[in-house]
Structure formats: structure tokens, C-alpha cells
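Paired with chain B in one complex and with chain C in the other, chain A is shared by the two complexes that follow.
Here is the complex of A and B:
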């Protein structure tokens, strides 16, 4: 690697006139911009960097070495469930016989693909305790919005148009209030108790006050502190008695997989993040998938298209059909075609690889790993909530606050030791929140090595706090000035030249 | 350590009120600015907007988090601290000298529901 040379910005590597290709002189007017109306044509050439291909390849290869993913090392980013993406899932999704299909080809020619789609709907319905599942939403947040639209649509169909208030605990993921607002619902915050669970007394008061305005309640269980809500069925009963529906944010379903199901806890609608619970890659803005499940009675509201199975006459075989009919109940289409099929394939492969018996180990092993880390670190790190956690644990910074070393400093110092930082300053219930989620994928050896480093950093904080406060020291870029970046963002090379 | 200025009224959500006749200067406490860390943006209402006690009137954004501002009293906004548009860090430098909005009080009796410095300090220690 030559960081000094190729690690520069691609603009700095640019030489006027240098190209990585040569095109033939083309006199065909259809291949030029001459037929574009003048107002759509550029007045000046775009200021793109000019480089040869080899320089570009070396530049981006060098850049990629600065990346850190779950394939590089331990990635304990709490609340994000960065579990390993098995290679076999990728291989199957890349299979040309499937990847080359088109969503508009006749259903007789893609029965296998539709069978997988249908089976995945049924498997997710079984694992969540829901009656029907749609695979159409293209991301977790898209699933949230779809699920809330189902709730709205259901209330409207019942003539209950006043139900526009969505109850959301103050510990919720930020997407919950955002999705509710996008859906045109008004967010009402429910307070948490000191142990991080829902303040049921406050909820009762809100339900009494809001009465027929209650659309429902959104919850993540276990919640963002990794704590299972012990009164979940009481909460569901209260919300149902007030005429509201219960929405399950599937962000933390990983902790419960195979152990218990949202449907059995009293939830009416839920979304599932395939990238979290079923080991598909985190998209980084790329394709995702956020299937939505509903209990019996809400299925007519689900978006179209739906894939349905019917029995062939005089045979046990199923024939799969696409139901794309617009009717009065359905939300209609919420995206292009069927959703992101490639992502679904990876989740499908993941589930079949594990099988029905082994998938039951996912939640317990994720929980065991989190509790192991929690117990071993609580000597140096402040544990604000005692007792067992589920798949993730939250510390409130170092126990010894006298060193001046903050959660941010610890997260930065971890980078020096080759670990991805945990989630910091979330949830907001604690000032120095440091949230660790090991996932079930990690071995005892990996966890022990991480725990040793966390103890070493605590020792460094006592012996040489400046070392931690100025970290990271070994990364390509040192401590970033967050305040300057937030207040005076410089987002382009040309802007940087002027600054 | 966080400072708790005597003579001000405080809300549970960490706003303070400095009374000046029929007017109230509203800001966030020193404890709140400590907890938020470096503040990079303050979202403020406009002059003549009405604020209602217990309801959101803006937000403070720091490198750690965005946090709603909850009005401790009801009334009409008569002035906003425009200096915060370019220098939100003034709140970090001196939270009690840096008010966010000036409100003409609709109901001075609402002040009774707020805490004094001692009660607020105890609330923060919980």
C-alpha cells in the first residue's frame, strides 16, 4: 500500500487530459447532447477528476483498507445487531438462475422463486406469531411506515378517524416517532421508570386522557436498554381496551428468536429487520428489507402485490399466484414490485441453514454473550440497571468519574486496539451511555479479548488519562472535531479549496 | 460541576426561568448543557409565537443528541436570542447568562409549579 501517494483525494491525483479509456470519434447526433433543450445542457464541463484507470483502482483499494466491517473484527455496535453474514447466503443470492429473473415475467416461469417468497412469508409469520406477512417494504423504517399505515387504514375502515395519536416510550429508537410523524400521526411520549421499562401508571393516565384519539402504541421489546418489558401483556390489554393497536418494532427480535413471539405478547402489527435478525448485510444505504406481519383481521390492509398459494386440482402441488388487485382495503403499492428479493433470499437461506431447531438458539446465545460481557465489565464500568439483560447491555461510562475520561474517549481508544466502537450516548436515559451488543455469532475467545481491552482502557484512564482522551492514535485520521464538522461542514473538494 | 443559580425557577426538563416583571427569560440549565455536551444548533421559535407550558417550543442539538425544549411557562414570545444562530456554544460557556427566548407571561401562577434552585439540584441528583 502506498497511502502517501494513493491515499490522497482523487481530485489531488487528477492530471488534466488524463483518461482511463478512449472512445471513438462519434458523429452520430443521437449520441451527443445536441438534441437536449438548451436549459438542460451544462454551460461548462463538470469538474471531475482526470485519472488513469490504475491510479483510480489503487486510490479506491487504499481507501477500502480504511474500512472496518464485521468481516474485519468485533463490531459490538449496540442496537444495530451487527451479526455475521454467512457466505452461503451470499452465494445463493448471487446465483444467476435467480438473480437474472425479472419481476414481470409470467408466473408459470418463476414458480420456484414465488415458492421461496411464499415460504418466507409463512416462516416469518410463524416466528413472529402473526397471521400474514408482507415482504414488500424495502427497509426497516419502510416497514415501520407500512405497519403504521396498516393501523391507520384499519381505524379509518372502522370509521374511527379521530384515532391519530401514537404512544411511544421515551426510550424508543428515533425511527419510531419519525415513522409515526411521516404517517401523519401525532406522537405522545410515554415515560420510562428508572429501570428503563414503561411507566404503566403514566400510560394509564395518557390512555384515559386521550381516549378515542389513541391509534396505538409502538414498542421495542426487549427495549433499547436490552430489558424485557415484564408487563407487556398488561400494557397490550390496556391499549386494546382503549381501542388502540399494538405495534412491535422488530429491531430487537434477535434477542427473542425462538423463545417468544410478538404475536403472543399481544402485538397486532410488527416489522422485522432482516439484516438484524436474519443476518442479511446492513445495506449502508443499499437494499434492505423490512417485512411486516399482522394478526388475523388486519391482513386485508396489507400492501399489494401479495404472493398466494393455491392447490392444483388432482395433485398435492401448490401453484403460486401474484395478487395485484386494487381493492378497497389494501394500502396498494408501497414500492417497486415485490421488494428486495435478493435480501429475502439471504434471510431464507439463513433460516434453512439453521433449521427450526437451531434457530431457537439464536436468542439465548445472543443473551448469554451480552450478559457475559456485562458481568465481566461491571467492575470497571458503571452498570446503571442491575439484573439480567437480553441481547445488549448498557453502561453509564466508567465507574470512576474522577479521571475525566468519557464514553466518547473510550470508544475512540477502542479503535486503536482494532475494535469497532460500541454505540455511545444512546439511549438518552443516561449521560454516558455505552451500549454493547456482541450478537450470538461471537466466540468466547473474541469476547474475552474484547473484555481484556476494555479493562486495559479503564486502567489507562486511571494511569494516563491523556492517552485515552487524545485517542485514536493509530487510525488514518485522529480525533475528529465533531463541533467544527457540525457547524461548518465542508462537503466538497472545491469548497475545501476556498476555505 | 454543574452550577445551580439561586433566584431562578426550574422545570423537570431542565429549562430555567428568570423573571423580569411580566416577562420571563427562558434558557436551559447549566446541568443540561453539561449533559448535552458541545451544542451545535439551537432551533428557536419566532417572535409573536405562542408557547404553552409543558409543550415543545424548539430544540437544542449537541454532538451527542438532539433534545426538545419544553416551555416551562405559557405566553407570547417577544424576543429570541439571535446570537445563538451563529454562536450556539454561548450556552456551553454560560447557560444562565444565555437565555433562549423572552416570553410575556400569560399566567404568572404557573411559576409556582416550577422548582427553586435547591429543589432542582435535588432533582438532578436523583
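Here is the complex of A and C:
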């Protein structure tokens, strides 16, 4: 990463008369848009930049030098599973045939594309222990919403329209309650025990109180503290006995690859983040993909379109069809077409590259890495919950609180040393949460180097706290004024010109 | 454990690390997982590993061995075959952008934050509205989010109106979100001319409590609708006017802001993003300043750093799920960042003149195709009195599925089927006069073969 800020906006590079494209030039068109009535046309041309091609190439290349990705260095961002994004997957997803395919082509011209889609559904069903999977959702939160719609659709179909309360542990990701609210469900918070796991006694009481209003329960397992919920099967039994369904938030699925499956733990519906567990790049915030799996009996609720396989007569070959019809069972549709197909190709390539023999080691290696970091940092950093963690570990800031150095300061100081920061101030159960997820991609040497730096920062906090409190020092910009940004919002270049 | 290229752990590493954590084996790390839910020996039904060469072989031959073909595309309906610049494809492949996360750590994420700010500026400029968010999943979900925004903005909402001239694939997503969110959607029928039914809107408005109206420009049938008076009618009862627009056409067409819209949404795939079987694209959403704190999704703002440098940061986060949880404006917690970068680089290359030329060429090619189809004597414009941009509907008396299959076998995607009697064709600047000739020839061949058989 370049330590100097590049800083220019593309609008500031613009000069009237420059172009960055080559398009056919129809000198004598039979039709022009001047045929459209004037009031259907815009009054003035849009103020887009006017740049030659090299200017654009340099501009965005320079911008990229002020950015940090997994390929640049260690990215221990908790709950985000920043594993290596294999290069071959990018090559595969750039396939020119598929890039030029329209989603409404006749099915006989896209059998290969549909076969991949179908196979990916089957592979994800096997890995999660679910019966059927939809690949339509575009992101994790989109998957959550879709999964909750499945639950609501199921209750509706049973005539149980009063089931509108969703139980969610207080340690849950913020998307869980937000998705429930968008889905028209009322959130009921379940308390955690001091060890970070679900308070089963409180859950029992809530289930008794709410009775036939319970739609279900959303859980992450391992939970957001990286701890496996030991009473998961009891919890599932209790929720099922109350008539609710169990929803699995797949954000932390990476820990369990090879060890156990949501379906076997008693979950009825789950989402999977292809951009976490299956190594598709996060792209600075998307595109992701958030498939949803359901147990047998719920598959008719899944959104359309669905891709189905049927046996061709007199052969073993499959023919793939698109079921895009509204029917009485489906929850409806949650996107225009099939979902983020290009992302699916990357996950497909990743899964096949691992194969049965390697995919089962993902969870154990990720878990080993997290426990290794946890064990080696608990001298300087406060470990609020002892015992085994899974794929990530959570500290509550420095052990020595007398220095005044906060989790934010530590995060910012890590940037100086060439690391991305861990997730900070989440989960909300601790004031100074620092959540580290190393993933199975990282070597012992990388972890050792990171651990050394974490120790060095702890030492700096003791010796020279001001150095840490004013970090970062070597990044392209210093700490940003968030308050100014929110108080006087400047959200476009045009607003900036006026400000 | 055999060595594997994505696992750096050697046998020595494993032993040393297990020793450090006080476990005898990897299995010990899962001692807290109840026996009954553990997989004893991996997955029963999962494929064996493929090498890179296996993957390449499969994908290199996907067109021949798997009946998967790239057709000459004369279809649209929400997914368009526009020119995708090599520069845009190259920039989005840069690993600094590709392999980064949501830009939480502004000090090492200026690249992402900076291009999102440019993206927001360009979307605001194209739509004519004040502000834009950092992008959304797709055009359909952006439309659904706009409907929720209108509903939540109203004091005593009774319904949100959606014109039946809006793409049915978008409408069914709106209907799905609305159903679960508890929003009543009133679908306004289309007129015989394929436009929004003003009388039906007036009837709905007379009932009161219309929180918003969604229309599309150009509409699903390709028609450039006249929205004169709609904004005033909506605003008279404090409803929000929502236009779903195709941003590629906004180099030429009247902007949502000029029509008086409060919110503009749409699918940005037409801004240089390859079709890729329908995704990923990018949803956009822009609105007036007044609605700023109700806007869902990520937003990037300009600010200063501790050294006094202009820089960019995620802002107005008090709207968002990680702060507000169930009280957030939406559950969306990501955007389609990389696809927003695609659109940004595309627009930076195109500029006002390029975008205009794309529009002119698409318009000219589509109108030429319409003329040629009508001249065959077998097609009739479905809405002959209405202006269209680069997509249009024709009535066809034959079997539309059979015609499309016939053309597909010969390498052409002959529009999409709107209903049993109507096909919708589309042309972009990517289509050549020769391709128009060839498509018309193939269609003529089909009709001749049919007539010969009959």
C-alpha cells in the first residue's frame, strides 16, 4: 500500500473534449433521439468526467494503492472470514461465454450454466445437512431475510398467522434483528449467560410466555464470541416443541466445515455466505452471495426462480429447467433473476478445488489458528471467557486498563504495522471487544508475526500510550473526523463544490 | 493430512500449535461439540478434488460439451448487452479492491471510499437528485427498499401504488417484500397504450393515504412514458414519487428529478457490466436531501483527517443495523461495491458524450430493427402510438417459443416473451446492421418453413 494519499477526484481530472471510449459512429442514422418529444429528454447533459483512457487507468490504479486487501496482508477481521480468495476462481468466473449470457435465454442454450447452478445447490445442501437450497439471495443479510420469509410462509401455510415473534440472542449480529424487522417480525431478545452462551432458562421462560406467538429462533453457532453453543440440541428441541422453527445464521459456518452441520444440530433453515466460507472475494462490500438451505418439508416455500433437474427419457442424462411460476407455496421472489451468478462460479471452483478430502480440514485448521492466537495473546489481552473457542476469539481490550489505551487505539496502531484491524466493539457484551478471526489460510509464521506486534503494542501502551492513542501514523490519512462527516454531510462532489 | 495449496500448515506446525493450545489432536478442539451432532468422517456425498486443469478443461469446453451458448443478444427486460470496457474489467480485478472488506478502517480504505463517493456523485448527476447511497443488491430489491422507505415515511399510509407497466420481475419482488413487511400494494393497471393508468391513480389517490407511487422509465414495454403531473398529484397528499430508471438512458432522457421524483432507483448493470446470466449487477438508489436520514444502505461522506487532508468515510451510520438493530432503516449491511466501481469506471470513460452516443446508437438500432420486423408483414408494433427508446414490443401471431428456439439454434436471442402473443426486442450499441439483417433473415426463414409445412 502507498503510504501517501493520492486524493484526487476523477471530476478534477476532467477536461472538456477528452474521451475514453471507442464506439461505432453512425454518420447517417435512420433514427435519432431527436424524434422523442423534447419534454421526454433531459435539459442539460450530465456533468460526467471527460477523460482520456490513460488518465482513467492511472486514477483508479492510484486509488487502489490507498486500499488494503487480503492479498496485501493479514486481515483478522472477526466474523468476516477474510480467507484467501483463490486466483483460479477469478479466472474461471471471467469465462467469456458465461459473461455474455442473458438470464432469459431458452433453457436449451444454457444447460451448462444451469448444471453448475444445480450442482452448487446440491453441494451446499450436503455441507449444511439441508434438503434443498436456493441460490437467489445476493448477500448474507438478504439470505437472512429470505430464510425468515420461508419461516413466515410456512406458518402462514399452516394457518398460524399469530406466530410473529422471533427469538434472538442478545449476542447476535445486528443484521438478525434488522432482518426480522424488515420481515415484519417482532424481536424478542434472549439473554446470554456470563460465559457468552444462550441462557436456556430465560429461553424456556420466553417460550412459555409467548406460546403460540413464537415464529422461531435465530442463532449463530459458534456464536459471535466464537463459542460453540453446547446445548444446541436442547434449544432446538424446546423451540420445536413450542411450534417454532430454528434459523441458522451462517456467518460463522467456516468453523464447522468438516465437523458438523446445521441440519444435524436441529436447524430448519440456514443461510450460507459464499463470500466468507467459500472464499469468494468481498469486493470492498459486495457482491456477495447468501444461499438459503431448508430441511425437508420447507422446500416448497423457497423463492422463485428455482433450478430443477429431470431425467431425460431413455438416458441417465439430466435436463435442467427453470421453474419461475408463482404458485401457492412459494414465498415469492427476492431478486430479478438467479442471484449473483458470477459469484457462484467462484464458490463452485473453490469447492471443487478442495474436494471431499480437503474441505473437511477447513473448520479444524481455522479453529486451531484462532485458539493459537487466543492462547498466545491472553497474557497481555483480557480474555473474558476462558476455554476453547472455534474460528475466532474475542478479547476485552488490554489487561492493563490503567494505560487508557482503548481497543480503537490498538486497532489503529495495527494499521501502522501493516495489518488490517480485527473487528472492534462487537459483540456488544464487552466494552472493549476485539474480535480476531485468523482463518485457515494463514500460516504459523504470519500468526507469530501478528502476535509479536500485538505484544509490542501492549508494551507501547505501557511505555508510551500517547504513541498508540494518536495512531495511525504511517497510513495515507490520519484518523478521520466522523463527527464532521455526520454533522455536515457532503455526499457528492456537487455538494462539496457548494460547501 | 496431505499438503494442500490453500493450507500452509506443515506437520511440524500442527504439532507445535496443538502443543501451544494444549490439545492432542485437531479433533480435541471440537470436544465441546456434542457427540450426536458431529460428522464422524467428513461428508458422505461430496465430489473429489479437481485440479486447476480440470476446472479449465470443464469451463473451456462449456459451450460445446454443455450446450451453453453466448447468443447475439436482442433481448433486454432488465439485463442489457452493452459494451463493457477492458479498462473497467481490469480495474475491478485489482486485488486491492477485489479482496478488501467493507471500508470500516478509513485510513487503509481510501481507495474504496473514494470511488464510492465518485459513484454517488455520478448517480446523483444522472438522476438529477441530491444524494445517492453506496449501491444496493439489484434494481428489484432497490425498488422494494424504496417502497418500504415511502411506507415508513408516511404518517398514516394505506397503500403504495405500483404501475403495472413496471417490469413484472421487479413487481413480484416488491410484492414479496411488501407482503412480509405489512405494506398494501395497489397495482395500477396499464392502459391499452401500455402506459400508467392515470385514472386508476386518481381513484387510488381519492381514497387517501397513498404513501408512494412506483413507475418505470422506460417502462417494461420499452415505452418512454409521459409523467407530467404525477409528482404534484402524489405530493398533494405527501406521497413519494419513485421512478425506476435505466441509468444508461439518462444521458438523453429526462431525469427523475426533472419529473419531480423524490426517489430514483434502478438496475445499473447497463453501465458496462457484463450480463453474466443475470448477476451480479448493481442496484442504485438516489433521493432528495430531505429523505437523507431515511435512505437505506451504506453512504460515504467527505470529511477531514487529523492532518487536515480531504478524505472519505462511511457516514450517517445511525441509520444502520449494526447500531440500530431492529430499528434500522433496512437490514442491508453491504452494497455491491465492486459493481459500483464497474459503473464508476465505465461512466468516467464514457463521459457525457459517450453515454449520449450509447443512447443514440441503441435508439437507432432498435428503431431500425422495429422498422424491419414490421416490414416483414408478420409483426405489428404493440403500442404504435408510443415513443420507445431501445426496447419495444411486437405482436406475433405464431408460436413465440418455437420462434425463439429456432433463432437460438442459429445463434440469436430473439427477444423475450411478454405473453403468448407479444415479444419484446431490444438493441444496444453492440448490435451491428449485419446482425439486424441476419436476425430478420432467420425470422423470415422460420416463417417460410412454417408456411411450407402448413
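Quick notes on this one:
Convention: the second predicted complex is superposed on the first by the 416 of 499 C-alpha atoms of A that agree within 3 Å, B and C clash if a C-alpha of one lies under 4 Å from a C-alpha of the other, contacts with A are read in each partner's own complex, and residues count from 1 in each chain.
One rule holds in what follows: contacts are C-beta pairs under 8 Å (C-beta built on N, C-alpha and C of every residue); 3 or more make two chains touch, one makes a residue touch a chain.
Nothing here was measured: the structure is a model prediction, and the numbers come from that model.
Residue contacts after overlaying the shared chain place A:72 against chain C, while chain B stays out of touching range. Contacts of A:441 after superposition on the shared chain: chain C is touched, whereas chain B is not. Using the contact criterion defined above for the overlaid structures, shared-chain residue A:311 touches neither chain B nor chain C, since it reaches no partner. When the shared chain is aligned, no partner comes close enough to touch A:456: not chain B, not chain C. When the two structures are aligned on the shared chain, A:473 is found in touch with neither chain B nor chain C. More residues of chain A lie in touch with C than with the remaining chain of the pair chain B and chain C. By the touch criterion stated above, A:486 is placed in contact with chain B and with chain C alike.
By the touch criterion stated above, A:431 is placed in contact with chain B alone, chain C being left untouched. When both complexes are overlaid on chain A, the residue A:340 reaches chain C alone and has no touch with chain B. Where the contact sets of chain A with chain B and with chain C meet, they give residues 426, 482, 486. Those residues of chain A that touch chain B in the complex are listed here as 425-426, 428, 431, 482-483, 486-487. Taken together, the chain B residues at the contact with chain A in this complex read 35, 38, 40-41, 61, 63-65, 67, 88-89.
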